[in-house]
Amino acid sequence: MDLAFLFRFLSSIMVITSVAIIEIRDLRRSSYAYMVQSAILSADFSLIAMMTGEWHMYLWTMSSLITKVLLVPRAMIWAIERTGERSEIRPVLPLTASFGLEGAIIISLFLISPSVFPLAESRFPSSIPISLVLFMIGIFGMLSRRCALKQVLCLCHMENGVHLFLASLAYRSPITVEIGILTDAIAAIVILLYMAIRLKHVAGTLDTFKLSLLRW
Amino acid sequence: MIPVLMSLSPLVGSLLSLFLGRRQREICCILSSLISLILATTAFISVKAEPELFLSGEIILDGLGALTAFLISLIVLLASVYSPRYMNLEEGKHRTYYFLLQLFNFTMLSVCISNNIFLIWVFVEATTLSSVFLVTIRGDPTSLEAGWKYVLLCTVGLSIALFGTVMLYVEALERVGESGILWTELIKNKNILNVKAMETAVIFIIAGYGVKAGLFPFHWWLPDTYSEAPTPVSSVLSGVLINCSFLAIARFYLLSPSGVASSLLLLLGIISALFGSIAMIGQANMKRLLAYSSVENMGIACIGLGAGGVGIMFSIFHVFNHGLLKSAAFLSWGGVEKSNKAEVPPSVAFSLILSFILLGGCPPSGIFLSELGVLTSVVRNVLLAVAYLISVFTSFSVLSYNAMERGLGRPAGGNSSPIWIVPLISSAMSIAIGLYPSPLLRVIEEFLGGAS
Amino acid sequence: MVIALIPCALLVFGALISLFIRDKWICNLLINSITALSCFLIAAAGVEGFLTKAEISLPLDLEMGIDPLSAVFCIVLGVIGFSISIYSIKYMEIYDKMRYYGICYTSFMLAMYLVIIVRNAFWFILFWEMMTLSSYLLVVYEHEKEEVRRAGFKYFVMTHIGVACIITAVLLLYQQANLAGIPGMSFSSLSSASRLMPPYLLHICYLLLLIGFLVKAGAVPLHSWLPDAYPAAPSNISALLSGFTAKTAVYATIRMFFIVLPVDFWCGILLISSGLLSMFFGGIYALRQVDSKRLLAYSSVENMGYILLGVGAGLSLFASGKGVLGSIAISAGILHTVNHALFKALLFLSAGSVIYRTGRRNMDLLGGLGKQMGVTSLLALIGSLSASGVPVLNGFVSKWLIYSVTASSWEIPILPICAAVAVMMSAITGAFLLKYWSSIFTGRPVEEVKECPKQMITGEAILAASCIILGIYPALALSPIAEISGELGIPIGVVKEQLLTGIFLIGPVAVSTISLITVFSFLSLFLLLTVAFLRPIGIRAEPWFCGARPSDLRYQASSYYRNIEEAMRAAYIGAPGISLRIYKEPNTDRFLVSPFVRAFKRISRAFLLPAMGYIQLYLALMFLALLLIVGVIAWIS
Amino acid sequence: MDLIEALINLALVMLIAPILDGFARKVRARIQCRIGPPILQTWYDIIKLFKKRDIDPEVSGKLYSISPYLSLAFSLIAVLIIPIGCREPPLSFTGDVLLLIYLLASSSLLMAFGSTASGNPFSGIGASRMLSMMILGEGMLAGSIITFSVFSGSLRIGSVIKILSTSPHLATTVALIPLAVFVYLESERVPLDIHEAEPEIIGLLVEFSGRKLGLMKYSLMIRSTVLATLLIYLAFPWWLADSYTSPFYPISIILWLLLLFLLTFIFTVLDSSLARYRINNAIESLVPFICISFLSIVLAFLGV
């Protein structure tokens, strides 16, 4: 069972978990799904570390484990309790339509990614389309969901995609880069959650359709 | 070591201000930005054609960086001198305001001096995060909504830029090897980089940083953020924040000024110039009007960048002038907001009219020169020149109409507290540059000489 | 050439000084004396410019030079500026924003002076823009009043449309110069560039420059800002505006269309037709005015019609090969510019002194001031008589010269018809100036008013004296003007000989001698007059009111030419169905400016449609654009 | 500028003008079947007026007392420009036609200024009416004279008459009509003498009395004679002597007098048989003549 096959298998599971994160209505369970996905991501990082023998990849897996698997879901649940939001506001798109769109995104990205990103000769060719899929699904989630907290979750999901892309291609970059990018991602998520709580407290709702007073 | 000290002094100032009393906090904020201004001017004066490297290549001091750093520290100093008199915040907000203002200053200065392509991304992202709570300091639903949009849109945009940077890095790794992460290495042997891969990377970078710079299809967060933020913050945001992202775009564009990237910049530039100026026409809220004027001016800068040759020099010069005058316009508008609606103190009215007309591009101002320079670089293609002229004339007439509408007409009165001197400093500096631009142009030329 | 630079330094010094003087009276005195001194020096520079054709080029390629054309306009600016500055020492006391006035007035004077001596297109645009801006700030001097602001805004928009056209035209020329490899933006390089321009581009340049200059001159198709802007400005400023700023447009037209760009026949025809329209509509609308400064504003439009007729005739005659007659026509146009500058400034200053004392502009409410303000009424009389072309005064000579040139150029059929219309218009000029003078200065005094202070009288007296001198001895102005034709490639000797003694005056009589004869006959009659006065003066009695009660019977200014207005109802565009009681001003900008403003507002609303506040929409638009870009690039490569 | 001819012309016109007016009053009387005053009656009136003391209104300004002399001065200068008897007028140069128009216009303008200066509102009404008529009159005069100059190719009255005498054409005859109407208007004949309506004593000269009234009337008469001679010579340009020294000169002077008396006779017959217009239908009646004068310019261009 060589590591490359294991790497590809784990990445494909991540695609399934990403669809789960977007579709699950209940905020608490979708953050759990996010925790699962981050765990798989960290496993991927460790595999890359083993394969390339880069010592600081281990550091990267450790930090992503601590932050993505423990810290962010904890913060998310804390925010869910503070704002009292049980489940998501009914999204505009019905279930089947969003499933269909996500499927279309996945398939189209797998087809066009080789022509757009001619990085065939990199060590992990398979991870590029997968990270793109994660990224686009995250964006699609933010587009189609009304609840602010759900948008934050989709943002974290998108960050996972970016980090996978980063790790699989720029695994030889110095440590300062990884620390910087990771802190930025986490800081953005924490700030967004804090603002979501303030919004709930001040504006009374987390529905972004109602939060659109600034026009023209 | 000057650039490192220059960026660290606001960081130290911000941390210090957490533990001080109300008055001392304001003074500490002003002091730290003053120190960073002095260091920035010494760096600007001592800058040479060849970029100097510090801390094993991580920190760089070249023409473009020094110029933007000087502008940033100047504008933040003006804002920090302006805000004690303008803002009346209770204790909690007062502390966060001054802490974040200096932190914001630190992040922007470090963008100018960072040589590592990833660190540029990290610090630009940090500028967004540090300025969010400055925007939502007022705490009412609209400012929170503006902050929400600001963070979400900028983070998503910048992640696109991250994609581009990673692709660039992979390409550099192959061609240049380990040290490919440093911008100076890349610029030295940019001709051996594979053109095809570079193109897609630069496209993604332009799109990504374009979100922060406020180019047309990505600018939607700009008007809401500027109109909701308190005036000194929006003067810093509009004056210098978009300069940082423009600096990033310029640095990466200079790596591969290929056909596709330059035509993309020209396309985005002309659309944002036209959109910005026409969107300004019907605006009632003055700050939104100035926001759309920022979109328009960034469009003009991108046109200059895309046109290449002398256009690049004048676009950098234009962004510098625009920073000066946009913050002057916002600060003088703050003066008008401060005086009660019935009457406008004559000194504030004078600084408002002066800064708005100069921002529009009236002859003595630097913007007139840079707009003329960008026009000469784009004058070959008649269609582009005509669209460019339309946008420049519309923005000039709308800005001067609004200046006259709000400056004149109300009887002179009200307390003209001395804060109106602050915007006058930057307007006077812009007039001086307009009449005698050669030292600035020399620095930019040396930088461009080194880079190309 | 050094004398030419001293006034600039003085004016800049004046502008800076006025910033720091708190006391109103001292600031006013200082500003006006500085401008008076610098205007005197400007006139001296003009005279010196005749003797030595001086050129100077400062750094940043700011070339300046005084050739005969600039010299004539320098002298005119000097004389008018000097008298207006002296006048405004006392006049500005009724206003209080002295520093605002100080900065704008000195920069306005400086900009006008530099516009007429600069030789570089870039700096020409810069000073033209500076002149427009400072004149705007002066027009909105009393910006507390609502209609002043509205008039100022219309002035701002229309003059800046003109400036935009001029900038575009100069840039077209500059682009041509770049392609042909000719460096720099000086007039000489632009003229050589214009020679190798494709004809269609050249005609676009002509059209744009025409629009730019006609807006500034206030010729009819683009004059709708003028009748609002002049009354809104304080009187000494409107005197300067109508006296010289409109003339800078004439200077620029002559500079551009004769010296820089190749001469073109159809531009001449355009100028002539615009002149004809301005004469006709300026005169007719002036007949109806009840506000004194509006009447004078429309009279400026009319006189600009005469000037454009002269210059346009010159241009078309030049283009059709008749150089000598063409240069005489231009000299006639420039002479009328000089004369009009003098007597229009005099009329505006007299209106100003009436406002200084009574504070009113509506002629219906004024009347009978002639008794108390004797000297002002005499000066106003001199102004209005010279404007309506009474032979001894200066208006007659230039009008007569323009008509004789246009009437005697039979190749271009339109010109004699213009001459006929012009003669008819001169009668209308006499009519509305009679209305102006008599409704203010004659009849029973409406209120007790003292005479105006000395400075205002001296200011007006200088202008009146120059009107009379140029009337009696026009060769004083004609010989320098004739030298201008030397610039246009016509030997000066021929033009001078033609003008003063030649085809225009078969036999020994020169133009100046006609006036000598009139003076001679005056003298003889005055002798008769003095003899008559030896006899006892008649009785002073109540005026005979033909039996009516002599209470406050007054002949209102608005009822002066009611029948003529009735007959010419068709000519008043934009005021259908004149009901003489409700006086509707024909606002041409109802269908010229406001539709554009509404259209622009709608377009900007349409552009902003997607900004509906939904963050999802913004994200969707962002990614749509990104997808588009990536798709196009993938498709290209 | 030969002085003798100038003096002769001046003397002739100054002498003939009042006599013509006397003759007109005699003819009007004859038409109304009454004997009427002697022909020299107008001279007697003027001499009487010069001797009388005049009554000045106290609100009148200085211009009120000077304007009669100014308007007379301009009329006298106009005399020097028109040819009397011989083809070369004493003061002739290119463009003297326009100077003639201006002199006559400013003479009546000064009269209007003087009358308003008298302070009486009724003289204001008179002045505004006179200027309304003058505006239309100038239109007619300008149109016709420019037709003559375009047709004859020069702006000198002398050469205009010389060329006209060779070949009469439709354009010139058409141009004569508005000129004749203008002369009729200037000579204060009934249908158009609104501003000097004697019966109601309202009009321009209501405040003038004594010497000033005499001077004003005298300048009016001289102006109408000058215009009458211009009309005569443009209509019949044939019997003009070459110069005042030629033997044919006295005969042409007599012919000139006869034509003047004939013209006055025609005008007076018209005058006494028509009723006076109100101001607005007077204006409406004059507008067609302006169109005719501009039409004649176009005809002159077509070389008809």
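To keep things simple, chains are lettered A, B, C and D as they appear, and every chain counts its residues starting from 1.
Convention: a contact is a pair of C-beta atoms (placed from the backbone, for glycine too) under 8 Å apart; a residue touches a chain by one contact, two chains touch by 3 or more.
Remember, predicted model here, so these are calculated numbers, not experimental data.
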State the chain with the largest centre-to-centre distance from chain B, centres being mean CA positions.
D
Distance between the centres, which are taken as Cα means, of chain D and chain A, whole angstrom
103
Distance between chain A and chain C based on Cα centroids, please, to the nearest Å.
71
Suppose each chain is reduced to the average of its Cα coordinates; what separation in Å results between chain B and chain C?
45
What's the distance between the Cα centroids of chain C and chain D, rounded to whole Å?
36
Quick check: what residues of chain C touch more than one other chain, meaning two or more?
605, 608, 611, 613, 615, 619, 630
Among all residues of chain A, those touching at least two other chains are 116, 139, 142, 151, 211-214, 216
Please output the residue numbers of chain B that touch at least 2 other chains, ranges allowed.
148-149, 152, 156, 196, 200, 223-224, 282
Interchain contacts, given as pairs of chains that touch:
A-B, A-C, B-C, C-D
Chain B residues touching chain A in their complex are 58, 116, 118-119, 121-122, 125-126, 128-129, 132-133, 136, 139-142, 144-149, 151-152, 155-156, 159, 162-163, 166-167, 169-170, 173-174, 178, 181, 196-197, 200, 223-224, 227-228, 282-283, 288
Could you list, by residue number, the parts of chain C that touch chain A in their complex?
605, 608, 611-616, 619-620, 623, 630, 634
Seen from chain C, its contact residues with chain B in the complex are 97, 100, 125-126, 129-130, 133, 140, 143-144, 146, 149, 152-153, 156-157, 160, 164, 167-168, 171, 174-175, 178, 600-601, 603-605, 607-608, 610-611, 613, 615, 618-619, 621-622, 624-626, 629-630, 633, 636-637
What residues on chain B touch chain C, complex-wise?
148-149, 152-153, 156-157, 160, 196, 199-200, 203, 207, 211, 217-218, 220-221, 223-224, 260, 264, 275, 278-282, 346, 357, 362-364, 375-376, 379-380, 385, 389, 393-394, 396-397, 400-401, 404, 408-409, 411-412
Show which residues of chain D lie in contact with chain C when the two form their complex.
1, 53-63, 66, 69-70, 72-74, 76-77, 80, 91-95, 98-99, 101-103, 105-106, 109-110, 112-113, 116-122, 124-125, 127-129, 131-132, 134-135, 137-139, 141-143, 146, 149-150, 153-156, 200-202, 206-207, 209-211, 279-280, 283-284, 287, 290, 293-294, 297-298, 301
